[in-house]
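What follows is a group of structures, each given as structure tokens.
Consider the two complexes below, in which chain A is the common component and chain B and chain C are the respective partners.
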Partner chain A sequence: MSEWLESAIARAQGINDWLAPKRAHALELLANTKWPTRKTEAWRYTPLRPVERTQAKVISDKVNLSPVVIADLSAIELVFVNGQFDQAQLAKALPEGLSISLGSELGSAEKADALSIFSTIKPERHIFGLVNDALAQDVVVVSVAEGVEITQPIRISSLLSQGAESHTRVQVVLSAGSRLTVIEDVQAQGDSFNTAFVEYNVAANARLEHYRFALQTGSNVAIGGSHFNLHDHAKMNSTIVGFGSDLSRLDTDIIHAGEFADAKLNAMYLLDGKELFDLHATVEHAKPNGKTEENVRCIVADRARAVFNGRIHIHRDAQKTLAELNNRNLLLSDKAEINTKPELEIYADDVKCAHGATVAQIDKQALYYLQTRGVSRSKAQVMLNFGFINELIDLMPNAALAEWIRPIIRERFAQMEVK
Partner chain B sequence: MSNTKSLLTIKDLHASVEEKQIIKGLDLDIKPGEVHAIMGPNGAGKSTLGYVLSGRDGYTVDSGSVTLDGEDLLEMETEDRARAGLFLAFQYPVEIPGVSNLEFLKASVDAQRQARGEDAITSADFLKEAKAACKQVNLPVAFLKRGVNEGFSGGEKKRNELMQMLLLKPKLCILDETDSGLDIDALQVVAEGVNSQRSADRSFIVVTHYQRLLDYIKPDFVHVLSDGKIVKSGDASLALELEAQGYAWLQKEPAEDELEG
Partner chain C sequence: MTEQIDKALAREYEAGFVSDVESETFEPGLDENVIRRISEMKGEPEWMLEWRLSAFREWLEMEEPEWALVDYPKIDFQSISYYSAPKSMKDKPKSLDEVDPELLRTYEKLGIPLIEQQMLAGIAVDAVFDSVSVVTTFREKLEEAGVIFCPISEALHKYPDLVKKYIGSVVPKKDNYYAALNCAVFTDGSFVYIPKGTRCPMELSTYFRINEQNTGQFERTLIIADEGSHVSYLEGCTAPQRDENQLHAAVVELVAMDNAEIKYSTVQNWYPGDENGKGGIYNFVTKRGICHTNAKISWTQVETGSSVTWKYPSCILKGDNSVGEFYSVALTRGRQQADTGTKMIHIGKNTKSTIISKGISAGRSNNSYRGLVRMNPGAEGARNFTQCDSLLIGDQCGAHTFPYVESRNPSAIIEHEATTSKVSDEQMFLCRQRGLDPEKAVSMIVNGFCKEVFKELPMEFAVEAGKLLEISLEGSVG
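Now for the complex of A and B:
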């Protein structure tokens, strides 16, 4: 076991709150978990040295930070600053049918409900998920009442000052037939360490639109997860945009717990320098008639390293499942690296499941075509790289977010080309 | 006419693709405003000529010279050739999903303006121009928003090429088998577009296998390309002759190795 984990466990011992039984369980599991090494399959390409060496510290003094402004986006802001829920930044009046509250401040019935979901959607195999179970100080619960459509998106921001450590945790509950959009974002100022996990319970016929932005770069360590439980006829559409950092690791788990659920996941990541980004996406088709469509695209420049593990598990009862996983990668330099592994486990015999993974360099024909129109080679490369990602951005249902992220990505490509 | 300065001069050009010689001593002289048709059987090197002139990777010039407006074309990068006024309309235009047609067209126009020392065109002005060009080539304006050539039919792709030509206003247009895959209506639209662009300071090389296109785009000269060089030149009537008699009468006795192959 690493020193870092030992100290984390030691710090967690003192916490005694409404989550005490869950925290105790996580600590028990942690005590029996081996610190991942290169031989640990889930961490094979993602060395934990940056965690072992982090100097990040919990900052308990109040710091004023606010999330970036996104033009044309009017969101309900759920803000954590250095791991603390900043209630002052939450709107006083919320739309009817929506509640956002610290778990510790819920009434006893709601608390019991929240407790029954906590850490049941996020699988226990994530070591840092367990750390988050044990250490997340302010756990926030968001819930939408039955049949209610909340048109304003909720943005969950985890903001970190220089050198800060934080562990944030949110539970989002969509009751039957409700609709909600949630944006997850982490903004860190450097030398930070964070774990940020959100669990979503999407009840029958509910619809979730989800975004996760992991745009922190440089000397930040960011580990997190978005985990979804889909009941009968539930629908989700998720978009993930990631830049790398010293260590960025994201796990998503989509569980088809009901029939006729429909999940779309579009993920794109763009890495430069010596950055690393690791996406582990798992889909569990536990019930029949589910549908999953996953598109993951990645561009790796310089000496950066990308990891993608896409697992689809179709259980024996999950007949008539339709699942598609498509992973395409572009390498921009000889030293760039991509480790991609589609993993299909199919135990039902009447399913359609397709997967593909490609690693390529830039399309030379397209490059030539652009050049014959006078566009310089370097500009053409930026356009093509951007186009590769833009196809997925075009699919983002929220126009304000798409318009916001486009120039940010364009800027990143322009930087990639300079080197 | 002989006093006019040449726009394009190709002298004894030899070029190869993957070590295989395709162009074997080609000469061609084009003056401003002229339309030259290059006809020939499959495999004669018709498309290769366009690729060599535009500087495609993998197409190597072994010897000979090419000047455009007096400048050494072969020394230039592909993009600089375009900026110098060369335009190649592709037989099979490339699809580029994710890059919108409008963005692509503007980047092309801006690159060429920049090369002339002009400022980039404003988005609003460009949109106006692009919409007008759409209208002229009979493409719905919605095509500006789609990915470059993405899911376009054969005819739509050709019209998109034509639209680029309208916006870029090149000095020399090479139309590479523009008629292939077009029905008669689409062919007419494309031909009308080309004809509308004919002017005293713009020349065309119309590469085609069939005479049909030349009913609509009347050439000043017709050349027959066979086995990498021009074996016969004439006026528009040569095209009709070819249509009637085929290419066989112009081809030399096949070489021995070809007989064996």
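Now for the complex of A and C:
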């Protein structure tokens, strides 16, 4: 076991609050978990040295930070500063049918509900998920009442000052027939360490639109997860945009717990420098007639390393499932590295499942074509890279977010090209 | 439907008989003395014993791999006998006339007559029975061409330098748990050397037979194709029907020097156990080849037997422009479990690899493809294409795909695709409408599914493989 984990466990042992039984359970599991090494399948390509070396500390003094502004978004802001929920930044009046509160401030019935979901959607296999169980200061519970459509998106931002450590936890509950858009975002100033986990329970016929932006770069360690439980006829559409840092790891789990659920996941990551980004996307089809469509695209430049693990697991009962995963990767430099593993585990026969993965560089003919049309080589490269990613940005349902992210990505490609 | 399939699949294992041959078998157990005794029985040179012992010491420190998607009780390595040979083989018969007729009958029953006149012309056979090689046919004819084809135990006497140079050069001693065990206790297997610029005049073949109870078979095959040479090698295997599990842990090493080509085909038909998963062979095999400049290694396998299969024939594409191929059909039924696939390690420039894997799962079986394609930084312009298709027959089986794709060279191109499907009602309807009975229809559909692989097999094997599948799938749809 690493020193870092030992100290984390020691800190967690002192906490006694409404989450105590859950924390105790996590600590018990942690005590029996081996610190991941290259031989640990889930961390095979992602060395944990940056965690072992982190100097990040919990900062309890009040720091004023606010999330970057996204034009035309007008979101309901749910802000964590250095791991603490900043109630001051939450709108006083929320739309009808929407509630946002700290778990510790809920009534006992609601507390019991929250506890019944806590760590049931996020799988127990994730070592840092367990750390988050043990160390998250509280749980912010977002819930939408039955049949209500919340038009304003909710934006969950975790903000970290220089050298800060934070563990944030959110639970989002969509009651039957409701609709909600959630944006997850981490912004860190450097030398930080954060774990950010969100669990979504999407009830029958509810619809979730989800975004996760992991745009912090540099000397930050960011480990997190978005985990979804879909009931009958529930629908979700998720978009993930990631840049790498010293260590960025994101786990998504989509569980088809009901029939006729429909999930779409579009993920793109663009890595530069010595960055590392690791996406582990798992889909569990536990019930029949589910549908999953995943598109993962990745561009890796310089000495960066990209890791993708896309697992689709079709359980015995999940007949008539349709599941597809498409993973395309571009390697831009001879020092860059891509490790991808699309997995299928299928126990039902009447299903249609397929995955495809490609690794290549930019199409030389396309590059040549653009150059013959008078576009400089570097500009042509940016155009082609951007086109590769833009296909997924075009699929983002929220126009304001698409407009916001497009220039950020373009800028990143321009920077990649300069090197 | 599942019930009918299970019933239809409960066919006899044709190679399940036991030969009544008096054997000399070691007491079960494994320690350094056992290894010394094996080495002594074989009259091996001192360095070979040292090599075995150092592998054994490494093995003691190693852990059994647990990453494969297979489930079996822990093997008690002390309950296995590591050497068993027919008594009649002790005096080293000089010619076929001196070989125990019961042994010859065994191979005849398996459809492998060892008398040259009766054989299909053009295939030389090395017949390995438990821990010894019984006979190697057509040796004179091969010697004329300069080809060495003999049991590895014999090669250790006659060509010690060649063996010493290449053994363990492709699969190192401590490569993995079962390979290390094999290094320590291997008994026999085939040795092939094709001299420079020679095209081997006939197909070479080794037939492995486990007969004795409570033994394991640990064979070792080493094939060296010198510059510009060509060889096609076939491997077959069967075992009696028993309630106990038996271990088969083999190592196969291929060396393809510059411009050489090795084609290695396997039809694996070890006893798969009964419908409830009782008995059967644990087939834990390490097969790997190294390709030098412009060389080519092609693995083709048809896996229908064994209760548990753990096997990844691989290619190290070290030389520029070298080519690796892997064509596989794996059929599991009953309670069989197969975790098989390949590794293609691209090191040289412009190296190419093709992987075609067809998995068919029926009954309550599980069938996994596990593969690795790695492009090293120097693999300029390398190319890989992988296709993994799974066919499910019945709703109690599983089909899985675990491809690892690692690229460190931007000019390398990797393409991987995988699909899963079942024998559809539409396909069946169409065939039946055309007057085919359901059994024929399934067999035709499955044969079509596997066609890309079968066409890679040498003719005699393609026929055998087709037949094997047909028998296995007999009446699988009602």
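Following the convention adopted for this analysis, the second predicted complex is superposed on the first by the 419 of 419 C-alpha atoms of A that agree within 3 Å, B and C clash if a C-alpha of one lies under 4 Å from a C-alpha of the other, contacts with A are read in each partner's own complex, and residues count from 1 in each chain.
As a convention for this text, a contact is a pair of C-beta atoms (placed from the backbone, for glycine too) under 8 Å apart; a residue touches a chain by one contact, two chains touch by 3 or more.
All values derive from a computational prediction rather than experimental measurement.
In the superposition on chain A, contact of A:Asn339 is made with chain C only, not with chain B. In the superposition on chain A, A:Gln361 makes contact with chain C only, not with chain B.
By the document's definition of touching, of the two partners only chain B reaches A:Met383; chain C does not.
In the superposed model, more residues of chain A are touched by C than by the other of chain B and chain C.
Once the two complexes are overlaid on the shared chain, A:Asp394 sits against chain B while remaining clear of chain C.
Looking at the shared chain after the overlay, A:Asn329 reaches chain C, while chain B stays out of its contact range. Residue contacts after overlaying the shared chain place A:Leu370 against chain B, while chain C stays out of touching range. Of all residues in chain C, only 67, 69, 375, 377, 390, 392-422 touch chain A in the complex they form.
By the touch criterion given at the top, residues 54-57, 77-79, 81-83, 87-88, 90, 93-94, 96-99, 103-104, 107-108, 111-112, 115, 147, 164, 168 of chain B touch chain A in their complex. Chain A makes touch with chain B in their complex at residues 363-366, 368-377, 379-380, 383-384, 386-391, 394.
Across the interface of their complex, chain C is touched by residues 41, 316, 319, 329, 331-361 of chain A.
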